[in-house]
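Two complexes come next, and they have one chain in common, chain A, joined by chain B in the first and chain C in the second.
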Partner chain A sequence: MTAWEPPDSRRRSLHGYHCQAKMAEEREPPPLGDVGQADFVEVEDGEDLFVSTVTTIEQLSPTTPEPSCLPAEDISTNSNGPKQEILLDDDQEDLFAEATEEVSLDSPEREPILSDGPSPAITPVTPTVIITPRAEASMFDRSLDEDEDTEENGDTFDMQITVSDPEKVGDGMNAYMAYKVTTKTSLNLFSRNEFSVKRRFSDFLGLHSKLASKYMHIGYIVPPAPEKSIVGMTKVKVGKEDLSSAEFVEKRRSALQRYLTRTVTHPALLKDPDVIQFLENTELPRAVSTQALSGAGILRMVNKAAEAVNKMTIKMNESDAWFEEKQQQFENLDIQLRKLHASVESLVCHRKELSVNTASFAKSAAMLGNSEDHTALSRALSQLAEVEEKIDQLHQEQAYADFYLFSELLGDYVRLIAAVKGVFDQRMKTWSKWQDAQLLLQRKREAETKLQYANKPDKLQQAKDEIKEWETKVQQGERDFEQISKNIRQEVGRFEKQRVKDFKVVIIKYLESLVHTQQQLIKYWEAFLPEAKAIA
Partner chain B sequence: MTSISQDGDRDKLRSVSVDLNNDTPLLIDIPDALCERDKVKFTIHTKTTLNSFQKPDFSVSRQHEDFIWLHDTLVETEDYAGLIIPPVPPKPDFESPREKMHKLGEGEATMTKEEYTKMKQELEAEYLAVFKKTVQVHEIFLQRLSSHPAFSKDRNFQIFLEYDQDLSVRRKNAKEMFGGFFKNMVKSADEVLISGVKEVDEFFEQEKTFLLDYFGKIKDATAKAEKMTRSHKNLADDYIHISATLTTIAADDNEAFKSKACISNVCVCVQKLEARVASDQELKLTELFRYYMRDIQAAKDLLYRRARALADYENSNKALDKARLKSKDVGQAEEHQQQCLQKFDKLSESGKKELTSFKARRVVAFRKNLIEMAELEIKHAKSNMSLLHACIEQLQSN
Partner chain C sequence: MDASNKESALNVNASSIKISDVSQDGDMLTFAITSQNLSGSGGVCVFRTYEDFIWLQQSLFSQEDVPELQGVIFPPLPDKPLPSHSHTQAKVLKQLGFLSLGDKWQIYCKALELYLQQVAAHTLLSKNKELYNFLSSSESPGKQRSKKGIFNRLSQVMEEMRKEGHKDVDEFFQSERDKTTNLSVLFKVATEKFLEVVLTKQKLALACGHFSTSLHLCVNQENADAVAFSKICLKLSDIIETMKRNFEKVSDNDMSTLGLGLELESRYQEAKREMLFRRTCRLVELDNANKNVDRAKPNKKAHMEEVQKATQKEFNLISSVAKQEIVHYHRTRVQVLRDFLIDWCEKQLSTAQESSTLFSQYLEACKGLAV
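Our next item is the complex of A and B:
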């Protein structure tokens, strides 16, 4: 592979754009957005989001071999035509080619090509601006890109998505919550640096559904959308203005934000026109197919059932130990994470209970203090009551932290692992398809042999044609299988890195919240101590 | 005199302690106890310089029922009507840890071996704590008796301490049970009586109002404190499970091993600390409230007895007037009236003393426990914090 040198003209006025050798393994070529200005900053965790794509697109001629029939088959009826998909695959190919290059850290070569001028291979799609997820201001919104050690300096990914201001729209059973999705970015994938749109929950589900159908079968791990909740939503619709429905809305808002942030962190998904459209367009066609009881919904359920049955019947000859090992690993991790999630949920529950009990004890102690006739003791008891009240607040805050930091993260990862397992299943399906094609080819060949002795020239010709057709199919099947295997390896690598990082960040935050609680406790009790000593 | 120093140390651990100075002629402690199924056998050890005892140093074995017998006889003794009789220690209750142990056994299959061991250890610690508490409570009961000028001379008390055979206390047979039940009913009637009786003495009027009100409040506070402690313990247990699962994940996962193992350790330590906070809180706060709730009940009983005596005195006055009117049995009525008056005065006098010293005792105990509880909380929070800091540093450096 020749080292790629970006033409100088392409160099952008962007912060140093770094590339790491190791990124090569985990890079995913994002589908090319428009050649807008590519003012993007690097992904913090070392992922080279756009560089490679850009560069590869640059190099690519539209005539690259394998225009994949892969995506063509399963493309959802989407605004972006198949051409987008083709580019994607091309990118993949070249990306891997790129992977063998050694790039120095501060190499200025990796400038986002997208930025400058029309690139020959790029299909103009909707003008997009690249979004930079930034660390969430609020302590409890998990930040996916917090990177304190920039010595690793991957590409810093300058994009921040916030989901905020939930607003109830409409009345009665047709009411829904509209969330404001704000994007702040300096990347050039998008037309503006800061913009926001209103979206409702089904829009998010629609986005996920499109992405899943586009990318899962080629082995990308598409982040799962937050779960539906009939109970929660009904409460909101009915207009119950109480604590639990406020909590529900907050939980959902936070989950939606994490979902979007995860989605755009994925290099391929960020460039997906659907994603870009989701973030930018004021009006979005209503995603009715996400409703559970719609025709599409029922179809989905049927498909899921069928797939489950199929999965059981496919017996794959695993030639690659890596896959077997990884699958086993994910199975174990799944079980453990679920268990951990359950324990943490129990922790949250007990802490809430503790908070309630502390509050009621505080009241009781206050009453006791009132009724106490020894003045100093009475004062001390009242102080005790106050301290306990403050501690109750602390417990509540801690429970909040337990939940939003810890429990929700675990829940997200349980669902993510399900997506990972899904991707492994896709690989099995691909393999199975390939095997089926081989089988069919075999039969066609046998049929042809038979026909050769039967002396029927037209049928023979037809048979020969069919054999040709199926030979191509077999080749394609094999290629698809290898492709998806490659992709999965990459994705899994990226996923693992992300997982470790996520957990580390969150756990540090969680520990800090515990530290904060302890500090407050010390403060309160130290204030109380002299009161207790003053009892004479 | 090693027993004293032991007592001194133990006093620190207790929520309620009795002031034992070196000159006490009668020193009692419970150096150990045996737990057989439901029965607890206490070893009562006495050291005395009094001549009324046969030996200067001796031990006997007693059960909870023997304590109840002793308490009841004291209550029934007329002479002590004007004194606050120390509340009977509650029955040893191992129900809670036993139930938990049972549940743990049932859920064994769902836990890892480590988790199970840790939970079991926690439960055993709880069991031990209950055991220690019941020993203390029984000990305090005896010590209050021994340090009281009147009770320490009580004959039944002496028998209790000295009689080296099994007391084979007549368990209350049916008649006595019924009698006891009847007495309780009478007592409740007495409560109504007290509220009705016109109190002349302001001191007692105040005390009555105060104690009645305070009793209700402290009972409520005890219950709430108990609930709080229990939630705290549940919280601590959760950390055991979390720690165990994290350890398992860390074992499977080489990459994040160090950080996960570190977290798991943190969870273990946090759990220990939370559990300790919970038990300290229970000891200092809940036990304190519980004890004084019972003590206040004993004080209330004193008030009832006095009110009863007052009622008797008033009745005897009426009887005397009637007798004078009828000019019949006047002498007898006069004598009866004098007796009632004397009894009432005696009760009032000793009652006043007792109630005043009770208040002082209570304030001192509250002060001590509140201070100790605050200090312990600070200590735990500080060590928790340093532990967490260490872990955060370790994680960040990884």
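Our next item is the complex of A and C:
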């Protein structure tokens, strides 16, 4: 676990951001309801930019954030979070094989059909936009606990993934950001110990899509991919090189890193050939079905509608109290986490406000220092201005810690819970399928009985064949159900352990940042005291 | 009043004047003021309301027979303390600034106390017999008089603007006027900005409080993992609570030292500016008198010359007092600011040391938390 290190004192520097981002000299004041943080569907590719506006309107939040901070309230009612992970139909028809949705803070599955648009991805509301991206934000990326054992292999899990060097490729609306994905590992799964590839955002979405379609229906909790953001990306595409688009890129980079790290922490996903290919292969086929209104997108929309209806009608006979309890637990946890997330957002917001106000005060103190006649007092006032500027710096760093450690962690977990709920829903579907098969078998048997008295030998044979077929299906259905139940128990256990670990790591890093801030303050005050005393 | 009372006023030990208590009844505040003689014998305690303070201030202003008073920089009396209800909070904040903050009017009382000490320490003002009554008479001082004396002259804004720019005959004073105009604005701005900083810190404390409470509610005992997670949430709740207390302490320190200091300094700069303006008004009068002499018809000339002489004499008197006042002010303000700055720095240093220790302890504890 890497210790928390203080960010570089170079302000507003971007680690490896190759665009010639011109840093604003003055701090950008919190924009009024900055659209960059509002809720829009994004499309990765230029050509689909306008196609998805249809769903944009539906996803717009009823309330736009005010520049002042959100009250620390539960945001679930008017949350603008991204949409929930949608269940996949794993039928023989492969239509939906690549369908995947972004996971959201909302539970739209409980909402009427049309509000489930295809992959509507809405970034969580952050009233103020000023999180200056810094290389050092990567300090807050939670590194893998290097002592974690995999349950399957028994080797020591030794793997570290970093996402870095965001680079703008191309021009205009066809441009995109390419990220460098570096893997360092000693595991035998990979051909080398250290390697890196270039990936773009839709590649990550594509990976998630494949994993979800392969594993969700057997009960594995597949970590959700980061959200899309139409406005964020548009700003980058049109070459708006300012603080907010730089922040957006950094936020995304960090989210992608956390996503990959979570994915490879899962023992089964780590071994998945798609994952390995993603990490190792230089070239990757373009994932096209992640776009909003492509053919697959439309199928997803239809699928979701059907899903929602189905869910309302499935009444499962829960024979296992464990599942019922757990579902309730996760419902509660969902609510709690959203509350916490809102609290932290408020904290981040105020902290940024403090930074702005401190800088403003520092300036006025400097002006005082300049105009003051009395030499020693003038010097002390100028020193005061410098101390306040340094303190402002500390506020900014602490705000990053607040955000990158807590806010993002909580946001990640809200989305993860949605994935967990998705898995529970899958189990219900599996059960339902099994029940349907049983019902059908019953009918076939009845039909056979009838045919026995009708003297139609070939129809009878057909009926007997069908019965055999459905008996097999019933058995398969039961096996599937048992398997998914077993997997879910395991997954939930793993999830809960991981949750505790994740939070502990974050808290320790946060404490380190708090200690660091106080120690810096001590230094500054100790340096200022003699200056104050020197006023004669 | 007889001569013995006049001496008694001078007998007050200025630095012993304290506002030992304040009580609130509805919207009315009553201050308990204690003071002692120079000889150290006999302390006295009286109860005064803000209206009494206004009466005192007016009494100080309105000594018509002491023309030198116009050259005095009057210690500024804080504005009326309005208890803030939610709808008046913004207004009170705007009017009183730092003085409206803090527990139980602590900072306001400190400002009032300093006011009394400054008046009692002033060579000219302390001679005012009303000061003695104010500090020791068990009866309430008189009702507010109608605004008389120099007070009136300050209320004419248009005239002020015109006269403010009147060129001075004395380089020292011209330079002082220019500097004060500049500095008083800068101090005012700095005070306002610092107030914003402190208010934001208070908001942060509140936000931490909410966060901490939400964490406290995340307790779930259903199974081993839930218990482990609950433990972590509680730990974090404690940490955030500590953060909250840290913010509260830091903003308290800010308010009671640097905040108060900046507030006082900007008001004092205003008082100095007012004094300089009064002198400038007299200068305008003098210039007019000079012109009148030149333009006077022969039969009026003698009269005009007399007026001119009297005006000149008064002006010189005021200017010499003013000069002394300015020199004295320059010396004391530096001392006052120095004391506030040192106090501020020491308090913040101590708070930072405490917090650092606390957070380090938490860090060690968390590292040891078995997961």
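The definition used in the following text is that the second predicted complex is superposed on the first by the 388 of 536 C-alpha atoms of A that agree within 3 Å, B and C clash if a C-alpha of one lies under 4 Å from a C-alpha of the other, contacts with A are read in each partner's own complex, and residues count from 1 in each chain.
Everything that follows uses one rule, which is that contacts are C-beta pairs under 8 Å (C-beta built on N, C-alpha and C of every residue); 3 or more make two chains touch, one makes a residue touch a chain.
What you see is a predicted model; the values in this text were computed from it and never measured.
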* Asked: Clash or fit: chain B and chain C on chain A?
  -> clash
* Name the contact category of A:Met367: first (chain B only), second (chain C only), both, or neither. => both
* Asked: So, A:Val515: does it touch chain B (first), chain C (second), both, or neither?
  -> both
* Touch check for A:Leu377: first (chain B), second (chain C), both, or neither? -> both
* To do: Based on the superposed arrangement, let me know which partner A:Glu325 touches: chain B (first), chain C (second), both, or neither?
  => second
* Which partner does A:Gln461 contact after superposing on A: first (chain B), second (chain C), both, neither? -> neither
* Would you sort A:Gly493 into first (chain B), second (chain C), both or neither based on which partner it touches? => second
* **Common interface residues of chain A - those touching chain B in one complex and chain C in the other** => 329, 332-333, 336, 339-340, 343-344, 346-347, 350-351, 353-354, 357-358, 360-361, 364-365, 367-368, 371-374, 376-377, 380, 384, 496, 499-500, 503-504, 507-508, 511-512, 514-515, 518-519, 521-522, 525-526, 528-529, 532-533, 535
* Structure fact -> chain C residues touching chain A in their complex are 179, 182-183, 186-187, 189-190, 193-194, 196-197, 200-201, 203-204, 207-208, 210-211, 214-215, 217-218, 220, 222-223, 225-226, 228-229, 232-233, 235-236, 239, 243, 330, 334, 337-338, 341-342, 344-346, 348-349, 352-353, 355-356, 359-360, 362-363, 366-367, 369, 371
* Flag every residue of chain B that touches chain A in the complex, lowest number first. => 206, 210, 213-214, 217-218, 220-221, 223-225, 227-228, 230-232, 234-235, 238-239, 241-242, 245-246, 248-249, 252-253, 255-256, 259, 263, 266, 270, 359, 363, 366-367, 370-371, 374-375, 377-378, 381-382, 384-385, 388-389, 391-392, 395-396, 398
* To do: Show which residues of chain A lie in contact with chain C when the two form their complex.
  => 69, 72, 325, 329, 332-333, 336, 339-340, 343-344, 346-347, 350-351, 353-354, 357-358, 360-361, 364-365, 367-368, 371-374, 376-377, 380, 384, 493, 496-497, 499-501, 503-504, 507-508, 510-512, 514-515, 518-519, 521-522, 525-526, 528-529, 532-533, 535-536
* Contact footprint of chain B on chain A as seen in their complex -> 148, 329, 332-333, 336-337, 339-340, 343-344, 346-347, 350-351, 353-354, 357-358, 360-361, 363-365, 367-368, 370-374, 376-377, 380-381, 384, 496, 499-500, 503-504, 507-508, 511-512, 514-515, 518-519, 521-522, 525-526, 528-529, 532-533, 535
